[in-house]
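Shared chain: chain A. Partners: chain B in the first complex, chain C in the second.
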Partner chain A sequence: MTQSIAPPHLADPAQPRAGVRRTGLAVLAVAIVVALPLVVSPYWTTVATNAVLAFAIAAPLNLLTGNAGQFSLGNAAFLVVGAYTGAFVTFTFDMELPIAMLVAAAAGALVGFIVGLPSLRLRGAYLLMSTLAAHYILVFAALKFQTSQFGAAGAIFPPLRVAGVDLSGDRSMYFVIAAFAALIGLIITNIMRSGHGRAIEAVKARDVAAAACGISVARTKLWVWSLSSAMIAAAGVLQAYYLGSASVEFYTLNLAITYVAMILVGGLGSLGGSLLGACFVTLVPVVVNHLSEAYGGGGVLAHPHELQTVIYGLIIIAFVLLKPDGLIGFVRSAARRLRNGG
Partner chain B sequence: MTDFLNAVWSGSGFGSLYGLVALGLVVIFKSTGILNFSGGALMAVGGVVAAGLGAQGFWVAAGIAVVAVAGVGAVANLTVMRPLLGRGLFPGVMVTIGLASVIEGTSGLLFGRQPRFLPDPIGVPTFDLPFGTSMSSTLAVALGLSAAATVLLAIAFNRTSVGLQLRAAAVRPEVASMFGANPGRIFTYAWAVAGGLAALAGALLASLTVADISIATFALRAFAAMIVGGVDSLGGAFLGGILVGVTEMLAGTYLGDDFRLPSTMVVLMVFLMVRPQGLFGTPEVVRP
Partner chain C sequence: MAGDVVEQQFLSVRDLDVAYASGAHALRGVSIEVGAGERVGIVGANGAGKTTVARAVTGLSAVFRATVRQGRISLAGKDTTRWPAWRVLAAGVVTIPEGRGVISNMTVEDNLRLVLAAIPRRRRPAVTEAYTMYPVLGERRRAMAGLLSGGEQQMLAVARALLVRPRLIVADELSLGLAPRIVTEILDGLAARAANEGTAVLLIEQAVVMSLRFVDRAYVLDQGTVVAQGTSDELRQAGDTTARYLGVADLSRAEELL
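On to the complex of A and B.
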């Protein structure tokens, strides 16, 4: 069997300036993110907020599924664990957002550890089924918690204030979420450059060989389950603040699947892929609605919701069959052509 | 006692519907190794088509729906599933999720989302059973049809040439094709059978309650039925469905309706932890 030894993301000795170029790209991305809401209309600021928030949830999932090879449908459940832990801490102890997010991350890590335990015994379809079961059990627990703590309508979040500063405006909400997303991106980048990251890749490629190299497969798996769930749960608090409320009806299996679709479309195991996928999947309904409004109600455009459902399914199928390395694959091949051409 | 028995009767009836969908999942998993997430959508569209033909009576409507959705399954295999063979779990699951989305949206575009009804399969509304209990006649028909489907499929798998080819193609497609089997065609049969079984469950469900495309989520219990019975066992899928259905109805009767779906997921989790090969499945051998 011929397999390339070095994963593609590791620095290639033939490109000594790759690190510099990478830093340049990161600076450019930050500049775009900061400048965006100052340039575009409030509507597009909302779209951008949705995309950045989606990235903050898809990126930890990509760490778990793309890098560590643990296919999970449990991410909506981790979001609700985070949102309700955050709500409980905020309402009961009158805590500020950062504290609520830290407590939610701790709760997410604990629940992620438990949901990850089956991964030590099960693999493939069986492991996926265990995350499906975990989703429904956790959402049901959240429903019971919701009924006892917040009432039937769910938790209503107040406008976001941190240290007395009102952050509930569209722009400030965008900057808060973008800052959190950047932190998530930074954490994941650093993990994947560390020994932990190499252990994760090794466990995904061949767990027996990884164990022979002295990597504790069990510890690595549970660590990545806990870590990704902690980040998703923390994002769940922000998401609930952004939406203004949290109710179990929102946290469906389809929501969980949306984030899996993002990492599939963007590119498995790639942070840039998570960003591209989050933007792409967020933009699909926006574009369909615009088309529907622009070309007013004729034929299938009269039912934008049904059309979105069909297009969403076709996109997933098309990427699996035609572009399994995702949108980041286009970027990589374009970059390769640029390098070789000039 | 009455409550208990009523829950067992209705649980086995609903469970046999999960069993029908699970049979389709098992046929596909057994032959192609793909874990099918579109079973619920196939079931729901079957119910919608059957209910749209409700004026023709249950049997004609259900028959047409079964044939139509079997065609959908076959087309799905020929277009999008075939390139996935041997590509592992994630691509198969994602494509069937995409397929479910396409089916749902297309059904919404073609038939709308209003709930539709389908007449009962037989004239009597309920059967009286001992201890003052009763069972809906439609659930009894469901139980009978699903048992018959299981037996027929088991015969087809174990006693016919196509069944032999299917089992051979499932283990080693290349070697099977050397001996004259055509795995591509065999897998199309498998998808058609899965579509037809799901549509039958959908038609029965449409007659029991109402049909619209959102009943797809009902079929999530089919995953529990599949694991409980054993992923590669046809009889297991049927019995697993009944076990899951009875658990669900008992939980609904004694704990409350909101415990129904979670109780099936607890059964799924317990089996995964204690006996992942299910009641009748072959234990998976992992070669490092």
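On to the complex of A and C.
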């Protein structure tokens, strides 16, 4: 028998068992997500919220970079575009969160389209440089916007209320963000199972082959740029509500790199990889802090922040060199061993 | 056929000038015609401009940073000179690009499905059609296309092209790197289906002898211009000059070598 090594995001209708297994896993994941804040302490609820929010931002980035092969450092900029569009809509027109997110998504799509235009000509490192330029331009524009609209401190968001219901508590905030993250996951899963998903993979693999198959390479690329930026911008509104404020200093290149680290560590082109990477990168500072407390904060542990940065760096280098398919690669090989062994 | 009353070429290329962004002037005043259901070859040595013709005709010029400077390409009378590949494909012209154009990290079946997206849903054929044509593809449909042998990859490319039910297939260097027996097998499959469905084939080949056996007539390209044309027999009997363009000492005798 020829061994099937199809990537898991390309659904295979001829394998119903895999489909059942996937549905089972999804149900399990939803159960864990729902039960989590009821079981763990408020501190861990906050950690979980951070992880789920990170996933909602890393997953669209992974669609763009992992699936479509478009390298981008523009995520922080798309987050600020979303946060400030959301803030503007919320304050000026007194709109509720869903509307603010939709408008932010539209703005994100437009900006993503423009930032994606160089991708029609550039690839790899050159494309990365153009997104770096976009990052600085957009953050600068956001700074001007911030000064004129919200003042030097940035936009202060009120406690989250939707349709008169207060959702600003830790648990309800967690559920709102988890629901949004689930929606993002669902959208991406469906795209990657459709003809669009195959077109995206084809464009990443070979422009010429894709074009020869009747795929408009330009349209596909710009569509992915718009879509992933729209999702990131919408997440930006939620993130700003969660943090209580949005200020330009928060949207640094460092922040952008954090999400890139998540998809590199978790696994490029995989939704599960985005989730694992988001959890992993969110947990690094938590673990470092715990270690620092447990061991009295002596030696290197006296500088938890610097230590985190070093650990990030080492982890990324280690993954790129030793495990290019990321954490999800471990899960896949473990699952394969289980299937073949049992 | 319904179109018998009006004698019209399906593909018509007139005085085509194509240059690459690098400055290379690849085609100068090339004119080529392919009638409905006809099998036409373009032969010539390396760098003669054959592939540039294939790219221009199938809308792939832009992907390779080539521009049509002058001239006109039309399909069934419609000007398609500046159409992108997906529009040309929708108009019934499908390409088997040089290097086969299969996507190696996708399964055989996903490669086939890729092209179906370009066809309106109600006219979309079943993927299994391709497996009827080349059963080996059905056996390996879940394998990554990159793991297939060269010949199987080329079969995949041919089957994928035929799935579109094209009016014209432009095949670029189909025989490259393949054993003659495999090339014959692939071409026989292509010929049978093409004849059955009235599909025209523009075969672009460096392997002259093989090409002339398959096509009704051919154009000889040298340094971006058409230097000779005629039926396969005429070209086989042609004198030293034509043979020299093709890098063969004597075409009528080269046939015997195979």
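Some observations on this one:
The definition used in the following text is that the second predicted complex is superposed on the first by the 326 of 342 C-alpha atoms of A that agree within 3 Å, B and C clash if a C-alpha of one lies under 4 Å from a C-alpha of the other, contacts with A are read in each partner's own complex, and residues count from 1 in each chain.
Assume a residue touches a chain if its C-beta (ideal position, glycine included) is under 8 Å from a C-beta of that chain, and two chains touch if they have at least 3 such contacts.
Nothing here was measured: the structure is a model prediction, and the numbers come from that model.
Of the two partner chains placed by the overlay, chain B and chain C both lie in contact with A:V208.
Of the two partner chains placed by the overlay, only chain C lies in contact with A:R198; chain B stays clear of it. Using the contact criterion defined above for the overlaid structures, shared-chain residue A:A294 touches neither chain B nor chain C, since it reaches no partner.
Within the superposed three-chain arrangement, the count of touched residues of chain A is higher for B, of the candidates chain B and chain C.
In the superposition on chain A, contact of A:V165 is made with neither chain B nor chain C.
In the superposed model, A:V39 lies in contact with neither chain B nor chain C. Touch criterion met: A:S216 reaches chain C, while chain B stays clear of it. In the overlay built on the shared chain, the residue A:A153 is in contact with neither chain B nor chain C.
Once the two complexes are laid over each other on the shared chain, residue contacts for A:G124 go to chain B alone; chain C is not touched. Chain A residues in contact with chain B (one complex) as well as with chain C (other complex) are 207-208.
Note for the complex: chain A touches chain C at residues 2, 4-7, 10, 12, 14, 195, 198-199, 201-202, 205-218. Chain C contributes residues 58-60, 63-64, 84-86, 89-90, 94-97, 101-107, 110, 113-118, 139-140, 142-144, 160, 164 to its touches with chain A in the complex. For chain B in complex with chain A, the touching residues are 29, 35, 80, 83-84, 89-91, 93-95, 97-106, 108-109, 217, 220, 223-224, 227, 231, 258-259, 261-262, 265-266, 268-269, 272-273, 276, 284, 286, 288.
Note for the complex: chain A touches chain B at residues 65, 71, 118, 121-126, 128-130, 132-134, 136-137, 140, 143, 207-208, 253, 257, 260-261, 264, 268, 300, 303, 305-317, 320-321, 324.
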